[in-house]
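Note that the chains take the letters A, B and C in the order they are written out, and that residue 1 is the start of every chain.
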Amino acid sequence: MKNFTSINDVNNVQDLLQKALEIKQNPFGYKSFGENKTLGLIFLNPSLRTRLSSQKAGQNLGMNVMVMNMGQEGWQLELEDGSIMDSGAQEHIKDAAAVISQYCDIIGVRSFATLKDREFDYKEEFFNKFIGGANVPLISLESATLHPLQSFADLITIEEQKKVKRPKVVLTWAPHPKALPQAVANSFAQWMSKADVDLTITHPVGYELSEEFTNGVEISHNHDEALKNADFVYAKNWSSYSNYGLVSNDNSDWQITKEKMSLTNNGKFMHCLPIRRNVVASDEVLDSPNSLILEQANNRTFAAQTILLEMLRNEK
Amino acid sequence: MKNFTSINDVNNVQDLLQKALEIKQNPFGYKSFGENKTLGLIFLNPSLRTRLSSQKAGQNLGMNVMVMNMGQEGWQLELEDGSIMDSGAQEHIKDAAAVISQYCDIIGVRSFATLKDREFDYKEEFFNKFIGGANVPLISLESATLHPLQSFADLITIEEQKKVKRPKVVLTWAPHPKALPQAVANSFAQWMSKADVDLTITHPVGYELSEEFTNGVEISHNHDEALKNADFVYAKNWSSYSNYGLVSNDNSDWQITKEKMSLTNNGKFMHCLPIRRNVVASDEVLDSPNSLILEQANNRTFAAQTILLEMLRNEK
Amino acid sequence: MKNFTSINDVNNVQDLLQKALEIKQNPFGYKSFGENKTLGLIFLNPSLRTRLSSQKAGQNLGMNVMVMNMGQEGWQLELEDGSIMDSGAQEHIKDAAAVISQYCDIIGVRSFATLKDREFDYKEEFFNKFIGGANVPLISLESATLHPLQSFADLITIEEQKKVKRPKVVLTWAPHPKALPQAVANSFAQWMSKADVDLTITHPVGYELSEEFTNGVEISHNHDEALKNADFVYAKNWSSYSNYGLVSNDNSDWQITKEKMSLTNNGKFMHCLPIRRNVVASDEVLDSPNSLILEQANNRTFAAQTILLEMLRNEK
């Protein structure tokens, strides 16, 4: 695996999933692979789960981990090629990427969507330019349009929790006071399309995701209908793709409540966190035995560790 | 030891003290206990000594240590149960605590007093809610009302430096330009009450500490009288408890000077640092051979290491 | 080596250079030296290369590394001796230095020039006061007037890349939109003066460096003349020393372009990074095979590792 920025970097999803389950059983069994190897984690945005789970994953493998908050601790990055850098950014992204590659064997990077320039975001300009400058494998810690470590952890969680061979999984839009990226939703759709599940996406009109990620998926604007018989309900807010980065109205009736969950097949509730309680989903749902939010967070470590181990194995 | 948030979590203070002295003699003798264990240090406020000594303590025990500045690097926390989180905080404290527990075997947390809402502070709402959500042992790196690692380090320092079996220890209020929490003073009073010392607390009228921590302790408003024959003078500013969080006047005559120290029994000077020189205490006092401020700072490592080792031993 | 704040702390530059080349061949061959040793890296200013390369260097030697951003995470420092600290800074630099010394075996510190008070900067007040308080060896991660780890890495790079025994090295002032310190230029001049090279410094009138560092060096205001037959062109902006911290005009014709490089002896291009592309030097120059900017960045690790190893060897 050269880089890990989407499921398209994975040869065989089922194999990867089995490796993750195996690593979870024996998290310290691969410490020799990371010996004298350094993982750099570069954050351009806040992070709790990703930061700690990735650092933990590297340490479980015996790696040294260096964490850096690019904006606060380093320099502002220029993204434009050929730019005359006489104001603003102090360092070009291709130089930063090449330099960090000198010190790290694997680099993890988080850079959120701007939510202002759809073309820039959906071309993954930041990540592509970083990768263009980097000389070592790169792992996405969430890019403008995707969050593959989250989706991989979600897949692990579904695999562990499913009671039928091919469960019904519903990705449902949920209310939120702020405009959020589509990354988690896009990525989840992309991973579920390659998993042994029946995926339905449900959202209010106007919140259609990019067809690039939802091609062939059943999409419904009828919330209650979509939730019917669901084995897993994955709630997530996202802002509009068509009316890019905007939020039309609060749609508070899309909150996942106990009543909504009662439409499901005793369905499990999932969310990537952080979650705004009693907005996205009610306390009753989040604190019920059917809530998998902590299992998902826990599996972030093993998702990251599996990808890191693949990369370390490549090198050997 | 499930958690360490005050001396009340300690079964036997004398035993703990002896263990600390033993660890100080052999700081790397317990590295196997921390193998494959992770310490998370979560800061909601600035820190120098606590940050570095706790990280050092974990590393001395062979632990992996992950440090996180919650406010800058992560998400803003909601504390209210049942809150509809449609503005402000992005993550509920109980979710953050539970998630961090997935990645850490022990969590250290620092969260200062608000100094605005006494009931909130003195109920230790933040810590209690964090503990409520956490699934692993928690160590206080200073809470709203207590700073037990500091007090434990102070106890170690007094034990090492005392020349009589039962020294006279004076905790004295000292001037400061800003309103500060009562945590260090409360905690010191609490620990000294269980130590083999004679404790006197002295402060201007209006700076009475909560009786919860000073019950049975001799309290004097006569500074010179209180300092007489002291073996240890522990200086610290705190804002008013009764007139909560306020500072009435500068009381600059309460500064610990050479003249004040001359009233003592060739007394040792103590302070938890950081200290505003020539406000809290004069340079002459701080730079004299009787100053123990660096010994106290050094013992922070061994206080933290002793608590961590207790928790690691519990797990085995 | 007690401290490393300039080349004056080095006994034998050639010996040090040979050690660095040897370490680069075998970066993990000295891991026993750092066992149970702690490196503290204290930043008062942003950093990318220095931060990551120093952390990497410590880890290569088996050290524990603790990184701290003093301003954001810790306390504001008072520098004045005898000051009555009743406003502003919360902790005196001598106390902070002494405290950090309790937790670290070696301390690295970065504190840039103020560019406002030349006497303060050129007396290295910050570093001298920090060293005055510290009880363990200190490494400069860039001080007000010098950046010795950068210059050492530059020397390693020149040694590796030179094609003649005594190459012509040109340090050239380059344009920049902001006023920058003289540290990199001063330090480079100081190191090159002790290396087996012919050094020429070229800059517009008004950008004379302090004679302390350029004594005996050939200085030219004729850019093209100076670049003639250069084997290495080291570009760097600095603000005025005489008109302290100021920038007179943009001198954009001093940018290093392909045309300027064509005057050289197929010269190699060097810069310490971060670099403002197409201001300091053109993309053509930076992306040409003659550009050594990444080699320099890479050698930062081995420069730091060599100094750390010297200090660890002293201790043994």
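What we mean here is this: contacts are C-beta pairs under 8 Å (C-beta built on N, C-alpha and C of every residue); 3 or more make two chains touch, one makes a residue touch a chain.
Not measured: the values here are computed from a predicted model.
Colleague: How big is the rotation relating subunit B to subunit C when the fit is done on Cα atoms? Please round to the nearest 5 degrees.
Modeller: That rotation is 120 degrees, given to the nearest 5.
Colleague: Copies subunit A, subunit B: same or different interface, half of numbers shared as the threshold?
Modeller: Mostly different residues.
Colleague: Nearest whole angstrom, what separates the Cα centre of subunit A from the Cα centre of subunit B?
Modeller: 39
Colleague: Which subunit B residues sit where two or more other chains touch them?
Modeller: 72 - these are the residues of subunit B that touch more than one other chain.
Colleague: Within their complex, state which residues of subunit A touch subunit C.
Modeller: On the subunit A side, the touching residues are 36, 38, 40, 64, 66, 68, 72-75, 78, 81-87, 90-92, 95-96, 98-100, 102-104.
Colleague: Which subunit C residues qualify as touching subunit A in the complex?
Modeller: Interface residues on subunit C, with respect to subunit A: 28, 43, 46-49, 51-53, 55-56, 59-60, 69, 72, 177, 273-279, 283, 286, 293-294, 297-298, 300-301.
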